[in-house]
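For clarity, chains are labelled A, B, C, D, E, F and G in written order, and residue numbers in each chain start from 1.
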């Protein structure tokens, strides 16, 4: 399923592509996302950012950039497998916070 | 059902006509759209693009062009058979990402 | 019910009057609208076009003109019999594409 | 219930007062409104027109005038008896088309 | 429950206070509001008018004034007893027409 | 639960804090709020007013001030006990009228 | 689960991160949030504030700052554990009032 050529997903409008973090990659520090929380927040890394959506005829700039770690609600977005890895296409508004 | 004359569909407003990709046409690389995913994403080629919808009295430019491969949610759009081939009329906002 | 005088329907705002095409009139070419499709698209000819709806206090121009063939979703609009012929009053936004 | 003095209804905003046409008054020509149609369109005469609704702080002009015959959806509006005659208060957006 | 001092209700935004008319006060003329009508229109007198609601940062002027008789839908508004009399607080948009 | 220090609640945006009136405080005059009314209107005193909500990027001024008596719908707002007294946080739009 | 390095959550748009107050931290004074209230208001301290959401293409300033105590509705937001402490990501519009 994986090849030498890298597939690139360019998200539309205010969408982003994120890679959910594996247990060992998660923020070493204090962020803990309880499994039984109502909205099941998850941690992920941003791997592609859309150009922004239009409002009043102008594009709104995006507030996240590639490489940032973010928290999002588990029930958001569309799952896709990209070069053997599970990724998710979210709207920026589904991102709750950036983790630093 | 097919003739020598090609039928042309000009999508209205922010709609696009796309041709869902057959298994053998799909991105050679890493894009894999799991059948059991919640939103059933699909891969397709854009074959016609509308002029854009109006916002605040001005047309918003479209972000896709003919020939691009895209990912969309399976439950979007209206199915039509065009010159013997199944196509789909989507709104641009149903397109999740462009595949390169 | 029919007379020598032709009745004229002038659709309001962004509405259009269309005449669903009979089997023998349909695009000779490749357009085939599957009966079992989810949204039951239909082919029709535009016979009257409204002046456009207001947005931000200005009328938006209409994107269809009399005589064009269009595809629309079967469950849209209001059926009326006009001079013995079945017609449909749709909103322009119910038109999916123009057929050429 | 009827008197010599005529009662005047001045519809608010984008409302109109219409008088549903009796069988013998209906457009002599070809307009036929099927009883079993989904939205039960009806023919009526406009007898009063409101000043228009506000959008962006300005009144939008109305597209119908007193005396015009119109088609509207049967399930719209509020029924009132005015000087012995049944009338209906509709919003302009419930009017599908003007009949000529 | 009634006193010599008159209580004043100043309605907020686009609200009005109206006094439903008693049978003997109703328009002498032709207005008849059928009990079995779908939306149960009622006749009332306007006794207080709000300053208007904001749209785009400006107040929209109100289209009714104190003393006017109006028709409104029976299922609108909030009932209050004011100085022994039943009154109703409506939004202006619940008023269908002014009666003259 | 009560102390010498007074707790201050500063309501956000277009919210207000009100103190529902006790039977003996109610408007001496004619205002009577029937228990069995559909929307259960209540009388209260405004004890804090928010700065107003944003519309089109500007704050809208509030139409009530501290000390005014108001009528609101019983099913609005959030109950809090403040310095031993029951208060309610409402949106200004839940206030039906000012009582004078 | 806790480390020497402090994890920082930067909330997106008009979101804030708050730390629900423990019983012993609560406002000494009169604020009492009844458990059986309809909307279950809670007291919390603001620990991070987003940059504000866009309206008409401009960011709206936020009305809360880090360190303030606030009242919010219990059923709002997403629970996260941060450096061993339970925090909540809310939208500013879920905050009812600032407590002083």
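Throughout what follows, a residue touches a chain if its C-beta (ideal position, glycine included) is under 8 Å from a C-beta of that chain, and two chains touch if they have at least 3 such contacts.
These numbers come from a predicted model, not from an experiment.
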item: Touching both chain C and chain E (chains); value: D
item: Steps in the shortest chain-to-chain touch route ending at chain G and beginning at chain C; value: 3
item: Geometric centre distance via CA averages, chain F-chain B, whole Å; value: 53
item: Inter-centroid spacing, chain C versus chain A (mean Cα positions, whole Å); value: 42
item: Centre-to-centre distance between chain C and chain B (centres being mean Cα positions), rounded to whole Å; value: 24
item: Per-residue multi-chain contacts in chain B, two or more chains; value: 56
item: Touching residues (chain side chain E, partner chain F) in the complex; value: 1-3, 5-13, 15, 17, 48, 51, 54, 56-57, 78-85, 89
item: Of all residues in chain F, those that touch chain E in their complex; value: 27-34, 37-39, 41, 55-56, 58, 60, 63-64, 71, 73, 92-93, 95-100
